[in-house]
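Down below are the structures I want you to see.
Next, two complexes with subunit A in common: one pairs it with subunit B, the other with subunit C.
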Partner chain A sequence: MKYFIQKIATLIITLLLVSILAFLAFQIIPGDVVNSILGTEATPEMEEALRAELGLDKPPVQRYLAWGKDVLRGDFGVSYRYSKNMNEMMPVKELIGDKLPVTLWLALLSVGITVIVAIPLGVLWAGTKNKFLDGFLNVLTQTSMAIPAFFLGILVTYLFGIALKMFAPGAYVSYKTDFGGFIHYLIFPAIAIAIPKIGMTARFLRNSTLTELKSDYVRTAKSKGVSDTGILFKHVLRNAMLPVVTFLGMIIAEVVAGSIVVEQVFSLPGIGRLLISSISTRDFPVVEILILYITFVVIVVYFVVDVLYRILDPRIRQK
Partner chain B sequence: MKVFNNGKAPDRKLNIYLIVGAVMTGLVLIWAVVGIFWTPYSTTQMSASLRFHAPTWSHPFGTDNFGRDIFSRVMKAVGTSAIISILVVAISAVLGILLGAITGYFGGIVDAVVMRVVDAVNGFPSILLALVIISLLGKGRQNVVLALGMAFTPSFVRIVRGEFIRLRDADYIVRARLMGVNKPRILFVHILPNIFSTFWVSVMIGFNNAILAESGLSYLGIGVQAPDATLGSMLSDAQGYLAKSPWFALAPGLTIVWTVLGAAMLSEGIGKLKK
Partner chain C sequence: MISIKNLTISFSGKKAVDGISLQLEPGEILGLVGESGSGKSVTALTLMGLLASEGVMETGEIDFNGQILLKAGVKPDQKLLRSYRGDHMSMIFQEPMTSLNPTMKIGPQIDEQLLLHAKNDFKDAAERKKRVLETLEGVGLRDVEKVYDSYPHQLSGGMRQRAMIAMAVILHPDLIIADEPTTALDVTIQNQIVKLLKDIRDRENNSMIFITHDLNLARRICTRLAVMKDGKIVEMGPTEDIFTKPQTDYAKKLIAAVPGRKKSVAVDSAENESDKNVENKSESKADKKIVGEAGGTKKSPILTVNDLSVFYNERSNKIFGKTVHKCVVEHASFEIYPGETLGLVGESGCGKSSLCKAILGINKDITGSVKSATVRPQMVFQDPYSSLNPSKSIGWLLEEPLRAEDMIEKSIKYTKEMRREMAIDMLRRVGLDEYYYDRMPHQLSGGQRQRVSIGQALITKPSLIFADEPVSALDVTIQDQVLELLESLQEEYGLAYLFISHDINVIYRVSDRIMVMKKGQILEIGDKDQLFDNPQHPYTKELLAES
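Now for the complex of A and B:
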């Protein structure tokens, strides 16, 4: 119990720190938002009015407190760039809510593919005595990790989109209009994300399995006459999977935080692309909330992994 | 299925990783260094009659959408990427050594504060962090180096700190302390040389990540700006013409893979050498 309270306190403090840093960072940079929204033909009165509307006429500390209070209440402010219609500014909440399903579905698909392929592959690899297969898998996984995400995206686009014509490159289908088509389109970026992750996870699982195979309890089981297959599945894998859980957690955090590059390659309107566009248009209310979102996701996923670890391994619980 | 190997070490053979890695990395470096001083064609000269040529003897990688020779542009781009990545690793390694040494050796409140920051930053994917820093500093070559340098520092701090914690109570350090050796000398003369075997491997991994991150940023259009060729921006240009001329994307893409693979194998070879 003490552990949980401590963890949750750390989570809150980190979020608070990140929020202060994110807010302050965007206050000290040069460039006036009001000028860039209204353009050069604005009168001083118009600028004054907009500044008051956005709350920019108050000192930074006061503004941070007001902003923080709003965020806690669930009001994330309005975007500087996107507008809902002619006279209404786009609330950041709606903007992100619109993009979030894309990133979450993409994350789910790519992590799913990774787990389904990588775990059997890693076990097979650890168990094989075939020198050729071992070398082949080594080169294959090493190569999969050396291909940058955007080049992999381009290769997947070329292979599945242009050569095999399994999907139309760039023709994203919105989840609002056609959910089946949406998932169908998402499979290919998910493959592009999953390939290096499969390589890493399989290597990781193989190494942890081989380490476990050298331990004393394996020798004991062996001398008791347990078959090699039995040792592998009943004894070794339960231990070897533990570090893999942590590793998968890191992957989930990374993908949910937004696969910026892959979203760009496949022109998916997700969180990652929103971050890029709001950074290049200096849409700071959006950037600030996105930074908080990413920090939150990363911390929560690590927290869940930590808890899971304690459930899976009683040895850690007792410490 | 036979899975039991009696804890025997595999046969010691030729260190293939080291050789292949060194050859691959060496070739890229030579190519890049030559590219800085000389390229077969101009990297910016456009030509309407030469657009989208498939690879031939005179243009081994073909030509791009402006009729520029892809071979020459890739050559130049590798140099740019390599220089940026080396600077990034240099900045983050030096900062990592300083912060890691101090936090690891002394511990206490400074350690607690620095490690909280490192943890918070480490959670962020490094390309995201670089993006946020660039949005503050602005685009351009120097800012890419600064942003990536800052983004990569935490992982070095973590590694160096761990090593310093491991060594700070070693017998020879305790004795040096008793003999009244001053602190900077203990840190950088007595401890630092002993962490290099671990450190070199992370430098190589850092170099790889820097190459990937730099080309990622320029693919997204926020790294080095046109008309300078970078591997990332070439791929981004090529993507629009994928159906028409796939080799346009292939040359810069395969160059990145080759470079990263070479450095990865080299670092694995160095790791095996130490054992």
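Now for the complex of A and C:
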């Protein structure tokens, strides 16, 4: 219980710090949302009026506090740039609401694919005595890590979309209309994201498995007459997974924050594209919420990793 | 009957085991003794069929009750070996913490033996569990249900080793190989484990191979000894014969190097002689001290520790975690006089090292007072492999304390040449040749490295040296040489030592007075003989009752 309270306190403090940092960054970076909305033709009076309308005429501290109060009440404010129609402003909640699930599902799928492929691959690699397979996997994983994400995206599009015709590139289906179709479409960008991660994770797991295979308890297991496969799966895997779990956590955080490029290549309406355009137009309310969201997900992922680690390693659990 | 015939093992051309032959009768405990690298463990691992893949069996065969398990030139039948391992022969390893799977509960780890070799003898999991619990009880563990559901880290070292033994004996194997099974344990626990192994042998009449570098221990448990050196068995025979009438020079040397105790059980020529040597030495030292004391007024202590308590903060790994202020040494008071050796014994974790650190000023979280009549006492550490920076030359390392002194004390100024000269001089004094100046630590043997450590401690000419288990990581003969060096340096410079060890025999050999510590408290301080002949505290008695 104490543990959970501590974790939640960490979460709150981190979110607070990140929101302040993001707010400060917006004070410092050049460029002004008013200019960017009205263009260069605007008169000072028009700018003044818009500034007052958006509440930008107040001092920064007051603005931050007002914003914070609204967020705590669940009101994320309105976008400076997007509007629903001629008369209505676009609430940030609505703007992001549509796009969040896309990015989340994409991250989830790519992590899922990474885990499912990388773990057996890593163990197989560590366990193999076949020199050819060893060398082949070495080259393969190295290559997968070296290819840039956008190029992988193009490769996947070509291979699965154009050559194998497993999906129609560009024909994104919204999760609201057809969830199955949505997942089907997402699998391919997820593969593009997963490939380098698979390479890294498999390599990492292989190395940690090889290290574990040299440890004393493996010798004990051998002295009991346990077979090589038994040693690998019953004794070594769980111990070898310990560092890999931490590594996977970092990868998940990276996937959540870094799906921007792949979203572009597969024309997915995720938050990656929104984040980029909002930053360039200084759309503060949108950016702030997006950053908080990413922070939140990353912390939750680390929390899950921590819990998993505790389950896997009884020595940590006891402390 | 198990026999090894003419076994030769080589690692990349270099022979690790060189044509040894052994035979084991049921109920016999054969001790394989020798220094590290003599091929003891390689022999045992080969017997188990666990030889590393780099090792090549060049000649010989292993016959296990009529079944040829291994034969040179024949590809080992792994399936056959696996069926023998654990079932007919089992092994107990040195370090019980790392030898058990840290993420698996004790029960399932032992149960695995039954699953592998005797699955059909049991109806279900519950019946197997019953058998595991019985075995755990059989090795002297209490509260076995709880042990069954514990992870290794939740047990003490002694309990872990008992669990390890339970794993080895559950299927009543014909052969048990114990590879330094007590080396990582405290003395009192050591005795219990040795007794347990003997009891098991008495009960089940299995053959045992007991590998150790500790000859005192071998003498207590083994019925027969095989002395190994450079992969060969140089001498083999009944234990007492080897101790009393060693035939070869090497065995003589080895037995003479064993730190003996006055209260040795059997009276025999070799040990007696070594005992006399020790006594003579300590007597001469004592004489000199008396002379020194008589010459002037009574010497004032070189170090006075008064009511010293040492604390450290145990910080939990959490953001708002409380820091716990823990007391590791409680109200210690003692004195060290010039030219004497104060031995400090106690089990691991009793606060020996914390005490030293506090006196040296490394740990500042203390109450009480430390008064030192000398410039900075220096320290010699246990592990000569890791306490020397591997990327620096021996000369550099020897000069390091001088450079430090140079920085701290304004009055002292050493030039580069002076430092070099002093370092080379020190090399000679600790018995190393001048050309070691440019060597790197990894090019030196353990004993040589420990000589360098001693040189490092001595080069600033302190009159007090703290030696924290300085010979624990060394082989007996090397141990002997290093102790001799320490003794001769003491005479030459009139040094005082605070000598920490868990080995009673070593302490007995070097100390004038002995201090016994347990759980942060000093239980007893006294003159060596008085303490050995008439220990006051029950814990001291237990510690001494070992042989």
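We take it that the second predicted complex is superposed on the first by the 289 of 319 C-alpha atoms of A that agree within 3 Å, B and C clash if a C-alpha of one lies under 4 Å from a C-alpha of the other, contacts with A are read in each partner's own complex, and residues count from 1 in each chain.
Here, a contact is a pair of C-beta atoms (placed from the backbone, for glycine too) under 8 Å apart; a residue touches a chain by one contact, two chains touch by 3 or more.
What you are looking at is a predicted structure, and each value in this text was computed from that prediction instead of being measured.
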TODO: Could you figure out whether subunit B or subunit C reaches more residues of subunit A?
DONE: B
- [ ] Could you tell me if A:127 is touching subunit B, subunit C, both of them or neither one (first, second, both, neither)?
- [x] first
TODO: Would you sort A:313 into first (subunit B), second (subunit C), both or neither based on which partner it touches?
DONE: second
TODO: Classify the contacts of A:239 with the two partner chains as first (subunit B alone), second (subunit C alone), both, or neither.
DONE: second
Open item on the list: Output check: A:151 vs subunit B and subunit C. Expected answer is one of first, second, both, neither. What do you get?
Closed with: first
Open item on the list: Taking the superposition on A as described, I'd like to know which of subunit B and subunit C A:296 touches: first, second, both or neither.
Closed with: neither
TODO: Could you tell me if A:222 is touching subunit B, subunit C, both of them or neither one (first, second, both, neither)?
DONE: both
- [ ] For A:175, decide between first (touching subunit B), second (touching subunit C), both and neither.
- [x] neither
- [ ] Could you tell me which stretches of subunit A are touched by subunit B in one complex and by subunit C in the other?
- [x] 222
Task: Residue ranges of subunit A touching subunit B (in the complex, touch as defined) - done: 14, 17-18, 25-26, 29, 126-127, 129, 142-143, 145-151, 154-155, 157-158, 162, 169, 213-214, 218, 222, 228-229, 231-232, 236, 253-254, 257-258, 260-261, 264-265, 275-276, 279-280, 282, 287, 291, 294-295, 298-299, 302
Open item on the list: Under the stated contact criterion, what part of subunit A meets subunit C in this complex?
Closed with: 3, 6, 9-10, 215-217, 219-227, 234-235, 238-239, 312-315, 318-319
- [ ] Could you pull out which subunit C residues touch subunit A in their complex?
- [x] 48, 50, 81-87, 90-91, 93, 95, 98-104, 112-113, 116-117, 151, 153-154, 164, 167, 316-321
TODO: Over in the complex, which subunit B residues touch subunit A? Could you list them?
DONE: 1-5, 7, 116, 119-120, 123-125, 127-128, 131-132, 134-136, 208, 212, 215-216, 219-222, 232, 235-236, 238-239, 242-243, 246, 249, 253, 256-257, 260-261, 264-265
